[in-house]
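Chain naming follows the written order as A, B, C and D, and within any one chain the residues start at number 1.
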Amino acid sequence: MDAQELLIWVRGAGLQIAAAVFVLGMSYRMLHLLLIGRKKSLAEARGSEWAGGLRTMWQRSFVLPKLSPRGRFTVVAGYLFHLGFFVTLFFLSQHIALFRAVFGFGWPALPRGVIDIAAVLSLGAMVALLAHRLVDPVKRLLSDYQDYLTWALSFLPLLTGFMLLREIAFEYVTLLTLHIASVELLLIAAPFTKLAHMFSTFISRWYNGAVMGFKGIRT
Amino acid sequence: MSRTVVVDPITRIEGHLRIEAETDAEGRITQASSAGTMVRGIEIILRGRDPRDAWAFAQRICGVCTLVHGIASVRAVEDALKYEIPANAQLIRNLMTGAQYIHDHVMHFYHLHALDWVDVVSALKADPKATSELAQTVSPSYPRSSPGYFADMQKKVKGFVESGQLGIFANGYWGHPAYKLPPEANLMAVAHYLDALAWQRDVAKLHTIFGGKNPHPNFLVGGVPCAISIHPEQEGRGKGPHYRGGEGATSLNMVGLANVQNIINQMREFVDQVYVPDTLAIAGFYKDWGAQGEGVGNFMTYGDFPAQGINDPASNLIPSGVILNRDLSTIHPVDLHAENEIEEFVSHSWYDYSVGKDKGLHPYNGETTLHYTGPKPPYENLDTAKDYSWLKSPRWKGKAMEVGPLARVLMMYAKGHAQTKELVDMTLSKLDLPVTALYSTLGRTAARTLETKVIADAMQGWYDQLIANIKAGDVRTFNETKWDPSTWPALAKGAGFMEAPRGALAHWIVIKDGKIDNYQAVVPSTWNAGPRDPQGQDGPYEAALKGHKLHDPKQPIEILRTIHSFDPCIACAVHVTDPDGEELVKVKIK
Amino acid sequence: MKEQETLEQRLGEQGVSRRAFLKFCAALATMMALPPSSASAIAAALAKAKRPSVIWLSFQECTGCTESLTRSHSPTLESLIFDMISLDYHHTLQAASGHAAEQARDEAMKAFYGKYLLLVDGSIPLKDGGVYSTIAGRTNLDMLEEAAKGAAAIVAVGSCAAFGGLPNAQPNPTGAVAVSDIVKDRPIVNISGCPPIPAVITGVLAHYLTFGELPALDELGRPKAFYGETIHDRCYRRPFYDQGKFAKTFDDEGARNGWCLYELGCKGPTTHNACATTKWNGGTSFPIESGHGCIGCSEPKFWDAGSFYTPLSAPAADVATVAQVSMVAGAGAAVAMGALDRVKKQKLQQSREKLTVEDLKGD
Amino acid sequence: MSTSLQRGIASFVGQIDGPIASFFTSCVHCGLCADSCLFYTETQDPKYTPIHKLEPLRRVWQQEYTFWGKLMKKAGLSKPVTDEELAEWEPLVYDSCTLCGRCSLACPVGNDIVYMVRKMREGMVASGHAPEGLKGATQRAIELGSPMGVNINTLRAQIKHAEKETGLTVPMDVEGADYMMVLSSAEVAEYNDIIGAVTRIFHQAGVSWTIASDGFEGTNSGIQIGSSDLAAELVGRIVRAAERLKVKYVISPECGHAYTALRWEGPNLIGRPYPFKVIHIIELLDQLRSEGRLKTDSVDETRMTFHDPCQMVRRGGMVEQPRNLLHMVAPNFVEMSDPGLQNWCCGGGGGVSANERANPLRTRAFNRKKAQLDEIDATTIVSACSNCRTMLLDGLEHNHMPHEVVGLTELIAEHLADDKEGKAP
């Protein structure tokens, strides 16, 4: 199989496999989380579960507790990483073209300069987060192989994507193949690893917020 | 004693064609079988693909016709989706198709057909001065006609022949008594062979401007791909690449449009000054060919070159219709969508039909199931009583039809197209031949020349209209409303037709859920070169060869002349035939 | 047979000056990306060259490659076939037909055994014993193997001969393969493209005639001089790609301004060819300049690389349907697993012993 | 596998519900919860990272509720949860967690970690891994009616004392009263001024109330040890008494976990909704205040601050109510840093105070409170949870700090507007 055939495979069958695993795994996992369910509280509500749940789903992305310096580092780097990741994922015109092709609609892209900055910041933040995970006692205690695996799986698409836009080190075909393949690995791993938090976070926040909302606690 | 004469490969054509002819004791052909010996299964490959991509696949049916299948394909999709295209796109398609005719017909005449009539070796004996006089008589305004020019040309040929490496001219039937031209005419034709090679290179550029390259220029469902880059300075617009295009933006800018005008001029000059005069001059020596090689006597056109869009057939430069049995007084209408009109048969082809091999299928329901039943290669002969070709046998209401330049000229003539009538009458009177001479090998070749002239003259009109539209601010070349497959119906059927240089061409497409469900191309060479049908009716090639007397069965130049007069394009014909050898005395021609 | 003349002699006889000849050689050197100093070496080699025999076999093809060759501006087809090579077999151009044609080929193969250059266009069908393409009753495979034996080198012209091309596209109904799938013991150069750029065909021939060997090839057997870079790398619209300026339809402002065609499916970034530099038909234009994305025709399997209008960043296959099916399957699995969990929990509940204060007292 | 371990793991499996599965799925090991936990901040020991305290439960979840986990378990590749491991985790789950819920507000992916700890304790106690102190307290609660050993006689004595002090009658077992007051053991035993305080306040406000002789103890050790079965029994006593007296409201005392047990968990523990409503005493006082039924006529100029009890504020939602009341009587009220929802726990909630083993750690954890207090120059700490008060007093004493600690209800009662009838002679 030559480079072109490999590219065709990753753009075709490979992507189908990855999409199938991702969608099947994620829909299974998320629906399962909802279906495991919880007992409805028989206590008298003081507020609305829905209001609390929905508010927390959204608000928890922005409202932060007071943090120690190491906590602040995690939050800042974490934000940069996620923000950079989302900006490059959703606002690079090539990606929007992908969404248009798959979903039938798109949206305006951000200028390349913005994307470049976002990608660099995101990459830098990820490297810093990895270093922190290796030295910070709390994170080191919490980490297992999966944390490093998922770090690599998230880092590679960003890195190869950045290299692709500039054709660094390899030629376009190779870089595009690597980029798509790295995304496929990410998609395949996502439902079975902590990457599932990309969706379950919102379920978690809902559950958390719903409890608070039920009690009428304004968080 | 009867013998089977096999000509395989038929060269100087597009594709892989084999002719097996049975001759009687006098060397007269009693039955001929035309076999296409190559198939790629493009219709099978097309299934399940994006209809918008189909043109590129279909276009590769043939690199000589090179754009006709692209246009037929996009028209099929547009017909299925009721997809209107902008006026400019129609004009550009007309210009590209017109250029294809002119390019293709000239190349066919000089580079594929001429060597059947022109003896290259004989040119060595010509007197350059007399050649010059002949040339100036034939075409007073063509500049390359000095004695020195022809002397140089002769020297070139001489050097070539004397090198001992004859290359493409090796093993020609040189000196065959069927060659009737005097040495001077041969020398003039050889010179024009080379002139035409140089000329065609330049005029092919018209396709490149609009379509990016030639062969295989690009097309687009919904219009044409090349946006028009005419940038009037606009108030409030910035300068520089941020606001404007780079380097002239697209090839269809002021320079490109001026270039198109130059090419049209070049085309018309060559047609008027070289092609038409040469045809008439050479035909004068072969008037006997005005009485043989007719074929089936039925002619069909689909029409083309719409002035008002594809859905207004009345505006076509070439009208559509069917002429039966030479009867020019009645033009029968043709309906491509009617399932009882056009059908393809496979009774002598290496295909299977689910409905049985003796039934015909309209292309919407067409099937392409390869099933080779011929002899195991290497073989000497095909079994022409059974299946013998990769071509199917298309029929209109059960009748074999000849398509191509002769059909078109007859149609225009019958419908009273003034310029055609004038050209046909002028030619017949110059050659002193009756109207019936049109139904012949010579008539077919002459018709090709005459329609080239008609189309070359029409080019200017399309160009002028395009420029007028742009001047009026209309630069639209593509309609994007139905580009997105989500706007399409779940099921759509369409037929895209055109007049290709070699004749009536149509592609039928069935689109299901945004993908190609069935795709069938019935191409000119399938009509002309197809094998016999279940009723045993010959295809046009087969019919045309009947009665030819071979002067020397080992040098069957007569077969080549008639077959070449159809300008075969066998890769186009996709489905090809193969003959199977009867247990007669088989003599391989040496 | 007269002693063969050299090219320089022949050109001289035809009134071509030495000066013009050298100019041609310099142009050739530039085109082949050779240093200018090599022009004189080319001139010396070409001046001494006899016209080598070239046999051109056409298999499952459309004649587009031959047509492309006829459009060559430098060298022209005329100078190629009359001055540089002896084209001893070529279906579309040769005068002879039928047995006479076959005989011409046989003779040339005998006379120049081990020396002739074999050019092939079209793929070779192998399915069902190769019945899908025959010439003179012989299969393409048979003819190729015979001709390859005596060939000094083989030039696979066009993507069909080089990589299998259109006949090889899924589902490959005739089992079509490339020349290199069959011939393993001869040097092969792949001049891919559908069709190839004529200057590339003539350039490779000129290189071979000059140096007596094939030019440097990439891993796909293509001459690096022409296929070393992508269309994208040399595209005049590249700055727009870098700026993120893309035409969104074929007839919007972006399209008229010549912005990048990436989003309209241009395969320039993954396609190795010289279109963006040599352009087509005497430098007139090339597909991207004429508003249509590159379809990637010089790369293997380009017919099966997804729609020509799908951006490279988008899937080449139907992912949406796969995703829809997967979502339903995932939901089904979740419902089933949810039910099992419920049963498990109910069982646990039933068998659960209530915790009493006795349990706290320990052992 | 021992029976108790089996029982514990079965309990884990039974406890894992949608939220817990979702929380484990979402955790990205960012470690931010560590910063929110005073056991981590005061020790800097990573093992006190809240999410880490749930490791055994996480593994049970993984092995029983995830595709790969099940597969790995089938293949014998996963590490089973053992008794030794649970024993190792026992101090993490009980000693170093006060169920204060601060981590649940800090988690960026939204995990309600305290919810998980509460559920995990169910399995821990079922497997026999609960601290001895807490076991004893629970046992006493079940067997004697109170974790501290107070009984109806103790209460009657305190009531008599209060009646004498206030000159008012403390209504006992009055059927048809609107409100039924529940107390915590500590209030009966130590902070008994509250009985007089509420008597006077209710008298002034004209509240119809009563105390039930068979349902006055609000402290619920069952919740703290993590046993729903035992918690249900304890709650059931109050419910039965309230139903017997046909009251409309049951008043939760100034005791955090009592409030949580009675207000939020109670109906779920007994498996049916209450026929009455539960209201926290502070909530009621604020309601009386807003209705104008609670009047004060003097203020206390002391610099006061308020210690937010976790279960009442962060987990109970009463942020404004205590402050409204304080503003009536404390013009020099100052807030500590991180007031309200983000307040730091006293260090002894969630059963930690009943667990002697945890004392050294609890003392260390108090450093956080000390630091908070050192930032302001308040002299009096007001709170509304008897357990907090005990912990504050403990901590202040240990650190030789001079602050006074008062209960909010008592503070209000002290400044009640002069009321001829209600005022003590």
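Methods note: contacts are C-beta pairs under 8 Å (C-beta built on N, C-alpha and C of every residue); 3 or more make two chains touch, one makes a residue touch a chain.
Nothing here was measured: the structure is a model prediction, and the numbers come from that model.
Write down the chain pair with more C-beta contact pairs when A-D is set against C-D.
A-D
Just the number, please: Cα centre separation of subunit B and subunit D in whole Å.
94
Determine the centre-to-centre distance between subunit A and subunit D, using the mean Cα coordinates as centres, and give it in whole Å.
38
Nearest whole angstrom, what separates the Cα centre of subunit C from the Cα centre of subunit D?
Centre separation, subunit C to subunit D: 77 Å.
State, to the nearest whole Å, the distance from the C-alpha centre of subunit A to the C-alpha centre of subunit C.
40
Would you please write down the residue numbers of subunit A that are in contact with two or more other chains?
Residues 25, 28-29, 32, 35-37 of subunit A touch two or more partner chains.
Multi-chain contacts only, two chains or more: what residues does subunit D have there?
Those would be 65.
Identify every two-chain combination in which the chains touch.
Those chain pairs satisfying the definition are A-C, A-D, B-C, C-D.
Which part of subunit B faces subunit C closely enough to touch in the complex?
Per the touch definition, subunit B meets subunit C at residues 6-16, 18, 37-42, 44-45, 49-50, 52-53, 56-57, 60-64, 66, 107, 111-112, 115, 120, 152, 155-156, 159-160, 162-173, 194, 197-198, 200-202, 204-205, 207-218, 220, 222-229, 231, 241-252, 256, 259, 350, 370, 372, 374-381, 390, 475-480, 483, 554-556, 560, 571, 578, 588-590.
Using the touch definition from the top, list the residues of subunit C that touch subunit A in their complex.
219-220, 230, 232-233, 242-244, 246, 262-263, 269-270, 299-302, 304-306, 310-320, 322-323, 325-327, 329-331, 333-335, 337-338, 341
Please give the residue numbers of subunit C that touch subunit D in the complex, ascending.
341, 344-345, 348-349, 351-357, 359-362
Could you list, by residue number, the parts of subunit A that touch subunit D in their complex?
Within the complex, subunit A contacts subunit D at residues 25, 28-29, 32-39, 41-44, 46-47, 56-57, 60-61, 64-68, 70-71, 74-75, 78, 133, 136-143, 147, 192, 194, 196-197, 200-209, 211-212, 215-219.
Per the contact definition, I'd like the list of subunit D residues that touch subunit A in the complex.
16-19, 21-23, 25-32, 34-36, 40-41, 46-47, 49, 51-52, 65-68, 102, 104-112, 115, 263-268, 271-274, 277-278, 314-317, 319, 338, 341-342
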